[in-house]
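Each chain gets a letter, A, B, C, D, E and F, in the order it is written, and its residues are counted from 1.
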Amino acid sequence: MLDRVVYPGSFDPVTKGHLNIIRRAANIFDEVIVSVFNNPNKDPIFSMEERVELLKETTGEIAEVRVDSFTGLTTNYVKSKNASAIIRGLRAVSDFEGEFQMASMNKELDPEIETIFLMTDSKYAFLSSSVVKEVAQFGGSMDNVVPKVVEKALLKKYNNK
Amino acid sequence: MLDRVVYPGSFDPVTKGHLNIIRRAANIFDEVIVSVFNNPNKDPIFSMEERVELLKETTGEIAEVRVDSFTGLTTNYVKSKNASAIIRGLRAVSDFEGEFQMASMNKELDPEIETIFLMTDSKYAFLSSSVVKEVAQFGGSMDNVVPKVVEKALLKKYNNK
Amino acid sequence: MLDRVVYPGSFDPVTKGHLNIIRRAANIFDEVIVSVFNNPNKDPIFSMEERVELLKETTGEIAEVRVDSFTGLTTNYVKSKNASAIIRGLRAVSDFEGEFQMASMNKELDPEIETIFLMTDSKYAFLSSSVVKEVAQFGGSMDNVVPKVVEKALLKKYNNK
Amino acid sequence: MLDRVVYPGSFDPVTKGHLNIIRRAANIFDEVIVSVFNNPNKDPIFSMEERVELLKETTGEIAEVRVDSFTGLTTNYVKSKNASAIIRGLRAVSDFEGEFQMASMNKELDPEIETIFLMTDSKYAFLSSSVVKEVAQFGGSMDNVVPKVVEKALLKKYNNK
Amino acid sequence: MLDRVVYPGSFDPVTKGHLNIIRRAANIFDEVIVSVFNNPNKDPIFSMEERVELLKETTGEIAEVRVDSFTGLTTNYVKSKNASAIIRGLRAVSDFEGEFQMASMNKELDPEIETIFLMTDSKYAFLSSSVVKEVAQFGGSMDNVVPKVVEKALLKKYNNK
Amino acid sequence: MLDRVVYPGSFDPVTKGHLNIIRRAANIFDEVIVSVFNNPNKDPIFSMEERVELLKETTGEIAEVRVDSFTGLTTNYVKSKNASAIIRGLRAVSDFEGEFQMASMNKELDPEIETIFLMTDSKYAFLSSSVVKEVAQFGGSMDNVVPKVVEKALLKKYNNK
């Protein structure tokens, strides 16, 4: 039986949409490893350590969640954790294509690892980390889209620049 | 821990795309109830009994699967079975919209029941029961898209008309 | 200056998604004529009179709104009301295609009449009258998706059948 | 070398969008058989004979075009005509899904027959036979979307009802 | 009553698709402020001053239009102009997603400001500033997609490089 | 009659999805020129020479195929080769938009050149060069998605970095 799943992502930064998926996954599975993917091709706003820290602060109260980070192939990471599935959130059509490309490739790389999609609550259906960053850059308030601690971190980050 | 899930559908008739989802679900969960939804607004080719029978014949070898049927609200049915999640397969964009409408409504009706999406193998990405029926009507061969027993049932059905 | 717009639709029945669009339109324009389209090709659950009545009961408190009904070409109706634009709500991708087909055709029929799209609040992004009817048929509760008076009318309608 | 292709469809009735595809195909291939599919599951406005006649009148001046009709599997028909490809027009996203389902199934039924997609001119990107029929029903003028002879036939059809 | 709207964008450079939206907006509203968004994260071909100048030259004859530029949050800018709505053009599905993300976020930031979508004429349905730039780079002629003055500016820009 | 077509692309690197389209095109047309587009705005992993070489090695056995490269406008290149059509593969919805933008622009630039779309086999429906590169970077095996020679070249490329 499946008891441990991995929710990989950039989480740059974690939004209320991500937290919505994390809570749903925690209701279904025994253990959810939320893991920051350290993508060498991307230039994130928050360092890997900061992203892990923000995830820990915002998921601390959920017993089933552990926060981690990784680089390399997601399928290798999932196997190394003895997990048997990848969790991904689906928001809207544009997600769908990229998610299917990645899930197909992962199936190719390791047919034993399944990808499980959960639907983001419709109130976060059009929320994305990039839009959040664009707004933060200009000092906009984001109470409803990111947790307080993330909002603070975002504003601090952009003031330092 | 989640051990029992429901995979509801019309299954008119079951295709290799459906079976692909059923096998994936059976790898993840302890028990998968594949349940034919008896929709009073639709006029299926196969009776509820026939659809149940075809599902039983084609899923017989999968230990985790039970076949059933229901009418009424899916969320009520899922609860009555002590299951805690609904399984749905996603093929392509058009699916996505209808699936999200239904999953949103089910969340509205019973927030405790989660919908879990699995991605149909890409070789079945463009397969649908309606296309299968259209082809069967004209006597086309369908080895790769439906199991043998379903092909026979389809051809018999259309010859009787 | 544009002061009067028409919001045409089937409204079979009016949902909270429709009301969300009506309120947005009322904030922008002087007068919003919400008009039930009597489509000879469709077989609605509620009669034209019932749909008009439900719209009146649920939009009564919005000063800018008038409820009406029509048959024939939307562009002819809009012109006969001395309105200069059609209001439509956009929910998700599937809407988009049909809405563009209709707006293109209306532009063809009367280039002076513009179609204005408003975005449905994301919490109603996946709500549709058909899903509502499917749920009502089985006695499901729909507090968050339709107004109380519509819920009552729906349940009554399906019990009478 | 490919010299003969089949463009199958309902053509109920032929629109300027269809004619746009027919002309493009005629520029590329030696012979284009435009063939009305007699679908036993649909209830068209125009009889098969009328649809063939309207196609003949509107494609008469294009030397490479022949008009025909068929029932049964498209792949069988294409083979019986010694053609080696099916032509289809793509307008917009919703088309794409259905077209891919049909093309996949046809590849399944006869791997030697290829489906070739041509892009409808963007001025017809949102034109559909169903919208045309809806407008005709209410007496709307349709100079830019259907040929004159089709407009006349449509208006006559709806007046007779 | 709404009398002033803002049409924000990159306009790098303005195309006939943008002008189509500007003219539609000018027919509906008393005043349309077309405003170049100075995005610190993007590296445009034309400077802010050049983009403003090209917009002025191409919209000069439309009485209701004023050209401006801004940086920071769109909602703050719209409020500072005493405007009450944002105008956006919709071309095709890919637009739709990004536009909904931005409109949702803007609703979050200032619930009093509405986003109004107008549909680009279908002959510009597949036109984008990036495709225009790609073509200009290789000296292609663009009579039908950008105004003469923009074509000249584009060719001059790429020859200088 | 059309006997020569051009299949332009980045091919960075060629995948089994591209080869699937090349084989389909070779079955239909007398001569297929597969041509690497040297895009000055992109920073490819493989040089133009390497991409041409990999295409030659993987299409060597197909008699109808010639490999070439070009820069500048695709329509100019197609004309210079006396070809009369561009071949493009369609995988899924996101492709569709970009492909239509480019095909519309090409029609604008040279109305005599047609774009012909072929549907990628559904088993490659979610395959993309970018996903392939992401996987190669981390040493993943890619037997089913790229030819052996491309896999080797990819692994060598990333080890050198």
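Quick notes
By definition in this document, contacts are C-beta pairs under 8 Å (C-beta built on N, C-alpha and C of every residue); 3 or more make two chains touch, one makes a residue touch a chain.
The model shown is predicted, which means the values in this text are computed figures rather than measured ones.
Path length between chain B and chain E in the chain contact graph, taken as the least number of steps between touching chains: 2.
Seen as a C-alpha superposition, chain B sits on chain F after a turn of 180°, to the nearest 5. Under half of the residue numbers at the interface between copies chain A and chain F are found on both sides, making the touching surfaces mostly different.
Taking the mean of C-alpha positions as each chain's centre, the chain lying farthest from the centre of chain C is F.
Repeating the E-F interface with over half of its contact pairs identical by residue number, the matching pair from B-F, D-E or B-D is B-D.
Centre-to-centre separation of chain D and chain F, using mean CA positions: 30 Å. Distance between chain A and chain C, defined via averaged C-alpha coordinates, is recorded as 37 Å. Multi-chain contact residues of chain E (touching two or more other chains) are listed as 92-94, 96, 100, 103-104, 122, 125-126.
Contact between chains, per the stated criterion, is found for A-B, A-C, A-E, A-F, B-C, B-D, B-F, C-D, C-E, D-E, D-F, E-F. The part of chain A that touches chain F in the complex is made up of residues 40-41, 71-73, 75-76, 93-94, 97-98, 100-105, 108-109.
Looking at the complex, you find that chain D touches chain C at residues 92-94, 125-128, 131-132, 134-135, 137-142, 144-145. Chain contact summary for the complex, chain A toward chain C: residues 92-93, 122-126.
Listed in rising order, the residues of chain E touching chain C in the complex are 1-3, 24, 27-30, 84-85, 90, 93, 96, 100, 103-104, 107, 114-119, 121-122.
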